[in-house]
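Two complexes are shown next, each including chain A; its partner changes from chain B in the first to chain C in the second.
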Partner chain A sequence: MDALAEDLAALVNRESLLTEPDYLMTYECDSLSFFKQRPRAVVLPRTTEEVSRILAYLSRKGIPFTARGSGTGLSGGATPVEGGVVISLARMDRILEVHPRDRCALVQAGVVNTALSKALEPLGLHFAPDPASQPVCSLGGNVGENAGGPHCFKHGMTLNHTLGLTLVLPGGEVLHLGGPCGEPDLDLAGLVVASEGTLGIVTEIWVRLTPNPETFRTLLASFRSLEDCSRAVSRIVRAGIVPSAMEILDKKSIEIVEASVNKAGYPLEAGAVLLVELDGRPEEMERPLSAVEEACRKEGALEVEFAKDPEHRMKLWKGRKGVYGTAGRLAPDVYVMDGVVPRNRLAEALHRIQEVTDSRGLVCPNIAHAGDGNVHPTICYDGRDPEQAQKAEEAGREILRICLELGGTITGEHGVGLEKLSLMPEMFPPGSLRVMRRVKAVFDPAGLANPGKLIPLEEP
Partner chain B sequence: MISRLEELLGPDAVETPAPGSPWANLDGFEPEAVVHPATEEETAALLRKASEHGWLLVPSGRGHALGRGPALKGVKIVLALDRMREVTYEEPEDLVISAQAGLPVEEIRERAGKHGLRLALEPPMGEKATAGGLAALGRSGSSRARDGRVRDHVLGVRALLSDGTLFSAGGRVVKNVAGYDLVRPLVGSRGTLAVLTEVTYKLRPLPPMDRTWILESGAALEEILSLGKALVEMGLEPAALGAWGSPSSGSLGIRLSGEEEDVLARRNRLPCSLPGRPGEWIEREETGLLPFEVLPWEALDEGREILLRFALPPSALEGFLSLLPGESVFFVDLATGRGEAAVPRESYPVLRKQAASSRGFCVVEGGPPTARGLEAALARPEGPERNLALALKKALDPAGILSPGRLD
Partner chain C sequence: MPGVEKRGVPRDLPAWFQQSLDCVHCGLCLLQCPTYQLFKVEPDSPRGRIYLARALAEGGTAPSVVLKEPLEHCLDCRACESVCPSGVGYHLVLEGARETVAGQVPPRFKDRLKLFFLDAILTRPRVLRLAFDLLAFWERTGLRKLTRLFLFGGLKRMESLLPPIPPKKERRLPPPRSAPGGKPRARAALFTGCVMTELFGRVHYDTLRLLLLHGVEVVVPQTQFCCGALSLHAGSRERAMELARLNIEAFPRNVDWIVFDSAGCGAMLKEYGRLFEGTPLEAEAKAFASKARDVTEVLVELGIETPPGRVELKVVYDDPCHLCHAQGIRSQPRKILESVPGVELVESADPERCCGAAGIYNIVQPEISERLLDKKVEEVRATGADAVATGNPGCMLQIRYGLATREGKPMEVFHPVEILARAFEDGRTRR
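== the complex of A and B ==
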């Protein structure tokens, strides 16, 4: 054991420390495999006090660290930094308090997203943000990235469901920002959301709880083209309807899920399908549902199918949720993009994205949280072939530039991480990056918290 | 200073505060000048000068909410943004609008209304608000239960640091996690961190039906609260559920919005009245509870000493409100646990303590400047959280010229 390991072992339990190369390999990257870096050690604390002790020690030694939840991030946020230590929150997985009447709960950062909603089931409540990775990803990771999901169109992102948090600063100091009632003025907890572990480590979170909807109504509309399908989305938004989810799948996505175990009965002849879900009380469903149907028909829907029962609903969703996993079987590597465009530019964006990938001969099923204008082209490629890898990366960059050009952003929910660092100067004027650096220095003057993520360190 | 300001902005952009204008009396003193830059560049130039010379200033929209929250100290210049009032981006189909800071919010409402949309923020006394002031103050009003916090409606801002650095945060799309979300601390920062020059708001579709019913019972607080609690537990999911009045005589109001059939179905589930009391639910002609939300402010004008703003977990409201002295006047949203109360000055420490022990907060929002000193909103209690807020202020406003007194 080297000196670092010995020191860390003195701060936490021996079994909370990993230093064997075999174990460390698991922590080399998150779910974006472009970037890899072996950490010097991995620590798995169980309490806020342990986190504080570890960070105080690392700060004395000037060793950088990276917080890690479940490592499902898609932008390299939890990928270790050179010479750094990984702090995994996986063992901080206790739900500490639940207050059904006040609709909030206090959880440790390592609690898995669906584990919370499962525990709340008997109370008729749930945690609303529903990333597709929810059976695995942690709430701390959701806070780290401001994760969203299909139902965020109506219910909001992680930010909208975070009331407060406990933050351990890089020097080890413990802060309680907000709480069940939020903060009286400056929203500092809100600033920590989406900060990708660059301001400190979140150990506990006050989350807002949402009542389970009484009913769901789900429909699937198929269209000749992606453009028609996107126009239907704009029409629904314009009609003032707020479905809980609106998801687009393009032809390639339909083909691959229909050929897989996630077969959902999507029509193979369609150029795109739109999956729309409304939730709420039975009395508030009928008019919006027929308005959605009408909007789809006006944009030339080939067919509109309503989920007949809960099983049918699950089946329709299974297809959508299975796209990513299925894409993973098409090629050794997948690169999931995450851009946002104004919703009335969606048709144009999807069309141009397809041109970008087609022209490079890349297979790229396209899905979108259409209600939010959030596109997720999923580029399939073989990373062992340097030419393909380069094409995939180039295509990704071009797609994000299209999003910027249309007035959108380079990331809606997956974060900047390492992946999109070089695009930050294209998205923000230099003043913004300077201000962001100043903010980082307030929390982390020595630059030890996940350095080199989210904002470029140096002036370009 | 005046001549330097005139040199910089032109003589008609610089005035001494007109008697009777909201700028003539800033928390008990008169500033030397009110300036009205016409552009972002002029504002930046002014800020650079002010930083250089240490001129203390307060950004302002139309000045109507200046006497709220922590009292200002030693401000020399009011930086009025009222000449910057363009709509810079309008995309009703995407439910988004961007406006320069000085645009009256009324104009945003009008434009949105033409497209069947609304800006779903209705803070009390917000009729005179500007796009920038609404965000800087960060008060959402009683429809918060349904519509969320101000920070949930602001998609992005453009702003200037006190050294003139222009930056943007967020964007014009509804989802965006690129970089630190500086919008969050800026909303509610009351001009202490930066000068907002442009704000992008999310708009919402007008609900097909939006109605408000009130029950003017004259019942005592406990009765009102227990009925309110029953309403919450029935799962009526009101857009707002307000209780107001004094500890001995309160009223209740409920706002329901959504599909017509759904609103009426929920209306029909309302218990007829308070058990054993006369009075019934009366539909209001106007939607919302605004006239009742301003009652504590009116009481303040009528001689109550201070106005407190509080938030508690709803289950802790009863304990908190039971400590209000008899002459208090309050409005509280029972669904969110937020409210305001006009009370005698000496009751503040007890109420503050009670709120803190229930993990909520209670701060001084209105009253004489002397009461809005140290204990007021932006001055958090001693501790690492306060130090962080102060360090953030120092990093963004190193010269310390923005809204002195509010966060220092």
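== the complex of A and C ==
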């Protein structure tokens, strides 16, 4: 054991520390395996106090650190930094307080998204943001990336469901920002959401809880083309309806889902399908539902199918949520993009994305949270072939530039991480980047908290 | 995968390595994995183990004791495969990696003991019979009770895992041929396995009786062998293939099904085709595997006859991993139980999570096994059921042991077919 390992072991205990090179290797990337960096050690604290002790020590030694939840992030936010230590919050998995009447709960950062909702089920409450990785991803990770999900069109992103945080600053100081009643003035908790672990480590979260909808109505409309499908989305929104979710899947996505364990019964002959869900009280469902159906039919829907029962609904959703993993059957590596375009330019964006990948000979199933204009092209490639890897990276960059050109942004919900760092100067003017750097310096003057992520280090 | 070409995969690497390439590192398997749930560390997750296996094949790391540990921690329960959107054949990756490591890391005393136990006793029917005869003698003479006083540690645990040795008539194989009354609807061969016969021979007789009652003619090859699963999972592919070959030779070709009542053996029998891929025996092995069926599958397919009797029992069904995750069989055993008048079937919180038996895992990894068993016992007790039904000898032993060693009300453990057979036994209402 080297000196660092011995010191860390003294701060926590041997069980909470990994130092064997083989074990460290499994932490060298998160779900984005594009970037790899082996950490010097992995520490698994169980309490805020332990995190505080570890950060105090690391800052004395000038060692950078990266927080990690379940490692399901898609932009390299949890990729270790060179010479750095990974602080895994996976063992901080306790729900500390639940206040059903105030509709809030205090949880440790390692609590898994659906684990919280499952625990709350008897109370008829849940945590609304529903990223596709929700059966595994941690709430701390959701806060770090401001995670969204299909149902965020109506219910909002993680930011809208975070009332307060416990933040450990790089020097070890513990801050309590906001609380069960939210942040009264300057919303510092809000600032920490989506900061991707660059301001410190969030160890506890006050989350807002949402009552479970009385009913869901889910429909699947199939279309000849992506264009028809996108027009239907605009028509639904124009009609003033706010579905809880609207998801587009293109032909390739349909194909791979139908050949996987998550087979959902999507029609194979369709050029695209639209999955729409409404939630609310039973008596309020019929009118918007028929309006959605009508909008789909007016835009040339080939078929409109309603979920028959809760099992059928689950099946339709499982298919959608499995697209990314399922793409692994197409090639050894998968690069899931995340960009946003104005909703009315969705068809154009999807069309141009397809051109970008087709022209490079890359297979790329396309899915989108259509209501938010949030596109998730899934580029399949073989990372062992440097030429293919380069093509995938180029295509990704070009796709994000298309998003910017159409008036959108380079991230909807996956964060910037390492992946989109170089595009930050294209997205933000120098003044904004300067302010971001200053904000980081206020929390983290020595630049040890996940450096080199989200905010480009130097003036461009 | 139809219509979709997998690009960029060289064809000359071992099959298990190709499987590892299907993993996109999404992590959806993490929370399904019993060992990740316990330790919350990446090397003890399916994703982490695949990462290590891939590095092993590509030369990113070398076999070592350190690498071996997380591979050995794996229960091979295959819960990860049930949720993997990319359809990674995780067990193939694991077996491949274990084999590679086993070939290069000198075995410890514990490993050698394990392999001796597998090679010299468990997989040799006559030696196994003799061993159980000795155990029966040890029990009948009262020596078992006596030794119990002196046993400690691992041996004490093993003693309590072992249930009372059944009477000799239950440990005999059923007759070579039994015909139903009337013209047979189908012809089946019964696979009896190793431990199943010695400890749960009564289940074989119940399986036989039910098959006959449903109009199936049953043959029982009198010389058959362990399915080979335990050897394969221990990284000893050669021995596994030898046993599989012996079984393929021992079973008649002119049957519709090869029926088993042990989920673990069944999962292995269904893999025989893959085991012999690229060898002269491939076609025969595939034919054998295609006929393998769990007894609950067969009965549901035939249509379960309504039994004349009742069994007043509240039962919780626990899914054996190698039935639900490896074979995708979930509804059939439940249908068997529901078809019994008087049975109330209830569900526990997580019936698909491994109980910690996992072949001989409960003996070689006692600590992890006990922790998983704690959870299992707590969850089945919480249902308030009188009995647990599960269709695999390892799970039956483990859960019986767990219930006996943890406080709470006594519960019985059955194979689902035992309960159905009981309702057929006579018209009387019994418990």
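In this text, the second predicted complex is superposed on the first by the 460 of 460 C-alpha atoms of A that agree within 3 Å, B and C clash if a C-alpha of one lies under 4 Å from a C-alpha of the other, contacts with A are read in each partner's own complex, and residues count from 1 in each chain.
Just so we're on the same page, a residue touches a chain if its C-beta (ideal position, glycine included) is under 8 Å from a C-beta of that chain, and two chains touch if they have at least 3 such contacts.
Values in this document were obtained by computation on a predicted structure and should not be read as measured data.
On the shared subunit chain A, the superposed partners chain B and chain C are arranged side by side without overlap. Residue contacts after overlaying the shared chain place A:G322 against chain C, while chain B stays out of touching range.
Ranked by how many residues of chain A each touches, chain B and chain C are led by B.
Once the two complexes are laid over each other on the shared chain, residue contacts for A:K308 go to neither chain B nor chain C. Once the two complexes are overlaid on the shared chain, A:P429 sits against chain B while remaining clear of chain C. Annotation: apex chain A, arms to chain B and chain C, angle 140° (C-alpha centres, rounded to a multiple of 10). Smallest inter-chain Cα distance, chain B versus chain C, after superposition on the shared chain: 21 Å. Overlap of the chain B and chain C interfaces on chain A: none, as no residue is touched by both. Those residues of chain A that touch chain C in the shared complex are 18, 20-23, 25-27, 29-31, 33, 42, 44, 70-72, 88, 90-91, 93, 110, 112, 115, 133, 135-137, 255-256, 259-262, 322-334, 363, 381-382, 384-385, 388. Note for the complex: chain B touches chain A at residues 69, 91-96, 116-117, 138, 148-149, 151-152, 161, 165-169, 171-182, 184-185, 187-190, 192-193, 204-206, 208, 232-233, 235, 237, 258-259, 261-262, 265-266, 309, 311-316, 337-338, 359-361, 363, 377-378, 380, 384-385, 388-389, 391-392, 395-396, 407. The touching residues of chain A, when paired with chain B in their complex, are 99, 101-102, 104, 145-146, 148, 152, 156-157, 159-160, 169, 173-177, 179-191, 193-195, 211, 234, 237-242, 280-281, 283-284, 286-288, 340-344, 369, 372-374, 407-416, 420, 424, 427-429, 431-436, 438-443, 454-455.
Across the complex, chain A is touched by residues 1-4, 6-9, 21-28, 30-31, 40-43, 45, 47-48, 51-52, 55, 60-61, 64, 66-67, 70, 82-88 of chain C.
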